[in-house]
Amino acid sequence: MLLKAEKITKRYGGVVALDQVDFDMVTGEIHGLVGVNGCGKSTLMKIIAGAEHQTAGKIYIDDVERAPYSPAEAMQYGIGIIYQDLSLFPNLSVYENIYLSKVIASGKKTISPKEFKAGIEEIVKSLGIELDLTANLGELPIAKQQLVAIIRALFNKSRLIILDEPTTALTGSEIANLFKILNSLKAQGISFIFISHKLPELLQVCDRITVFKDGHLINTFDNHQPLQQSEIERAMLGKEITYKKYPSTAGQDVVLKVSNLSLKNNFKDISFSLKKGEVLGIAGQLGSGRTELAMALFGAEPAQSGSIEVAGHQVSCSSIGKAVENGIAYVPEDRLNLGLVIDQSIRRNATLCSLRRLNTFAGLLDLNAYKELAANLMVELKVKFGRISNKISSLSGGNQQKVVLAKWLAIKPRILILDSPTVGIDVGAKSAIYETVHAKAQEGMAFLFISDELPELLSNCDRILVMGHGRIKEELATAGLTEAQLQEAIVRGGA
Amino acid sequence: MEQQKRMPRIIRENQILLIVMVLVFFLMSALNGQRFFALDNIASMAYQLPILGCLAMGMMVAMLSGGINLAIIATANFNGIVIALVLQQIMGPENMAAAPLSVSLLAIAIAFVFSMLVGVINGLFISLLKIPDILVTLGTMTIIAGLNVALTSGYTISGFPKEILALGNGHLFGIPSSLLIFIFGCAVCSLLLNRTQFGSSLYMMGSNPKAARFSNINIVKVSVQQYMLSSFFAVLTSLVMIGQLNSVKASYADSYLLVSILAGFLGNVNPFGGFGKVCGMVISVIILQFISSGLNLMSVDSFMITAMWGMIIVVVVVIKGSWPKIAQVLKEKKTQQG
Amino acid sequence: MNTKIFKSREFLLFAFIVLFSVLISFVNPKFLSYENFVDLLKSYTILGIFSLGVLLVLLSGGFDLSFTAIAQVVQYAVVYYFIAWAIDNVYVAIVASLLIGAMLGFVNGFIIYYYRITAIIVTIATNSIYIGFLYVVTNGDLLYDIPYSFSVLSDTKLFTVLNENGAEVGVCLATVLWLLMALGLHFFVSRTVLGRSIVALGGNALSAQRVGFNLRFTTLFIYTFVGSMAGFASLIQVSIFQSVVPNSMVGSELEVIAAVVLGGASVTGGRGTVLGTCLGVLLFAVLSNGMTLMKISPFFYEIFTGIVILISVTVNALQDIQRKRSQVRVQVEE
């Protein structure tokens, strides 16, 4: 047994993050870990990697019991971890990124530049990839950086590599390439713990899949017999999500008409129209240009050519201010960095977009209206919170996302762009968000709904635009469309 | 949920600071006895506090976005020098003091415009080019300081009209006008920060500029307003300094630059941005004034006062660092007893 | 590869220095003499040594505003006791100044690491403390009658030639030591594990922690190093000026930081080179010396310096924006 964890418990103050979890890894397997945010999977991963220490329980590595260890010791035991942010050094060369941690651990004082070259080149060759070792790491695309992180782990002689959400920043073909590499390393006896919230990927690449919920290990599924996604979902959420098909509320008037919109290195010749009350889906792999399109419509990264018409009038979206003036709002995918000001209060976040409207004639904010607005929004979106003056970080992911939605709904935009609005949030909040979207659509608000989750797109949208390589590839009506057909269209589109 | 009654917000947010203030007060009283309470000492404290107070307040405004306004003192001196030059230009070099009120007002207004311009330039560089505040203001500080020296040839210009002097040196209902200027500045600042779109936007931008931008906050506008407000305090400082010194010079108050950053930190302004209140700053400035007046009464060297200011920061840092542990121990004791 | 060199900060600085030198020498041909050049180097040696410490601290993503205060304290202490105890040995003085400087710097590192307070705040505080106590203890008195051997640092001339008046002209020992230390720092930063980890730390502090760097040692080392550099610089200063004035260096910390930033270092850490820093210092030296030779009022020197700083950070910022804009986000099908 490569690794065995017995009855691992981890407490933070009074909160139990992990409760008596048993977990094991064998040589040469890819083991998936899933669960909603805060389920305990990250905590277990950090304990295995030595970044945190368990409150109780034992860990055996190669059948030898190991007292709680440091990250450096974990490295000696052959355990490597690749965090979601990759933990590399953008200002150093690729070559240095690979060997630096090992050299530090070895206690050496000086570096001879050529020393590790042969060894590293060999690893690069064995993976069958092209990599310029002298390049500055920060100049490489994310996918290449990730390979550097993997090579670093291999160079450290890791036999167990933990990958935390490795595919979130990769395009379809990059993911395929990553899986190819993981499988070839697996054949050489390297094991991986693969943490992801994308179930189809886990099903594709993992030998076993373990599900966590509320600090408990719910079940470990063997993926050698074909598993159903719904089985895992049920274990993850305690209940299965049922996607109901929302009826179309699209009216006749075109509220947004985009013609030949282009931005170099982002997207090209985008044309479509959106009707009042319509929920229009945008599907496509990462790197297909869907987020870039949303950013352009929102004025964050304006397009270079083409035209945007809102309610029949040609408008300019050259800045966020102008886009919002024209009634376009955007809920970004990166909730923690772009959606929320995480250190500030719930009230401040909820009212952030409406400050201008709360101005009285003297240029001062109307404090009563300000408080009232925040309170009303909380009620309207059914946000569960302690005190409205608490930091928004005290809320669950789902409730945080409701606040992001609320701050835009408060200014009643004509068009609201939702970019992956339900990533990493619980079922309850998910369906609450769907309900809100459709209630607003009923009132005439139009939505652009970008998502990776196909059932979500099928249930919410009237039509779906499939993007690939920065262009709109297809337009599909959801009536009668199956998940498999949509998936096929996305793959056809490419990235 | 919480059994304890919640303390008023001002106290709750500034607990440690208030404790330190009281401790310093008692310490200084113990060391000086009667003299510390004497009316003339209190009057002199009220008279001295506004210069550091205004500078610190201006620094806080910059710190709210995680920045630092190194140019603030240069701006204050610049403002004073412009006033003097305008007066000299109109009245003739030797005749400044005879300027009628209208000319004085004109001079103040022109200087005010120039100082605001400095704020605009700082704000534009910082927000449009995304250069760290400290570098932009280092650059503008050097330029303005150089300009100040060039404009005055390094000499002191003195002899201001009495109307201008009254702003920093007069009394109103027995209260030093400099203190009133400081209070006026605090009130304006507090109003702007707590009650306006600008204030809310600034706090949010200070915590997370990207998310603020994605919430339709005009980062450029807020930065420009922020540094204009910071410059506004430089203007107030300059008026107080002119009143108290009856002169302007390129190098006045230089030693206050770093101290005003310390005052901000002491006043619970988060150096990474997003948090900080006028109230905390006022307490912080009062603490620093207690120390300097107390030591002054003991005829301690002014440099010792600077050293003590530094010490108080280190002490507060240590207390703050150990506070969670102390609170934990106290809590455990309480639960054991209960 | 070749175009990279021309675009580098070092080349740009070098080009500016050459350009200014040519301009200045048109107005005053004296500028291009060997004598003027070594004088110019000598007068900027102190700034140069300070800048080496500051470079390391900026590379690590830290900050230091206390080094001039440290220098003042070290200088006073060393000279005072060497006079009092009648020790006239510059080598012992060097060791002493390095050690005392290191100790004072260590205090900074200690507070920064253990109390996790922003370096800028801590070092402003210690700056006030050091300077304050120095004044209290010394009453602001000046020291003269500097031990004779101290002048070795500034009076020893190497690579000498004779000028038209028949006097010997050469690079002073202090300057040579500065350049040697720069070379040493370059080796340290590029070839040692600790040096590389400091650069890495500045690039991504969270990664450094996760990868298992010894952050405690690194932090303490960095601030100790700045302290000892400051101590050494102060000894050079006393050797050149032959007196100790307790506030002679106060306020020059921002000028040093400006020179290092001009040399391409980033205040957010991880970027900067020793060569760039030295060229940054040299550019300052050429500017001030040139303006003196061109009989431009010294009042304008500061204004000009400020403009140079603003231009240099603006160029940096524009390059960053340009790089970001040209990034390929999506492989667009044509």
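The letters A, B and C name the chains in turn, as written, and every chain counts its residues from 1.
Here is the rule we use: a contact is a pair of C-beta atoms (placed from the backbone, for glycine too) under 8 Å apart; a residue touches a chain by one contact, two chains touch by 3 or more.
Not measured: the values here are computed from a predicted model.
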item	value
Chain contact graph, described as a line, ring, star, complete graph or other shape	complete
A-C or A-B - the one linked by more C-beta pairs in contact	A-C
Chain B and chain C, separation of their C-alpha mean positions in angstrom	30
Mean-CA-position distance for chain C and chain A (Å)	44
Two or more partner chains touched - positions in chain B	none
Complex contact set, residues of chain B against chain C	68, 70, 125, 129-132, 134-136, 138-147, 149-150, 153-154, 254, 258-259, 261-262, 265, 271-272, 300-301, 303-311, 313-314, 317-318, 320-321
Chain C to chain B touching residues, read off their complex	65, 111, 114-118, 120-122, 124-136, 139-140, 251, 254, 257-258, 261, 267-268, 297, 299-307, 309-310, 313-314, 316-318, 320-321
Contacting residues of chain A [partner chain C, same complex]	51, 70-72, 75, 81, 83, 85-92, 96, 100-101, 103-105, 108-111, 113, 141, 264-268, 287-289, 292, 468-471, 495
Residue ranges of chain B touching chain A (in the complex, touch as defined)	1, 191, 195-197, 200-201, 203-204, 207-208, 210-218, 274-275
Chain C to chain A touching residues, read off their complex	191-194, 196-197, 199-200, 202-204, 206-208, 210-214, 270-271, 326-334
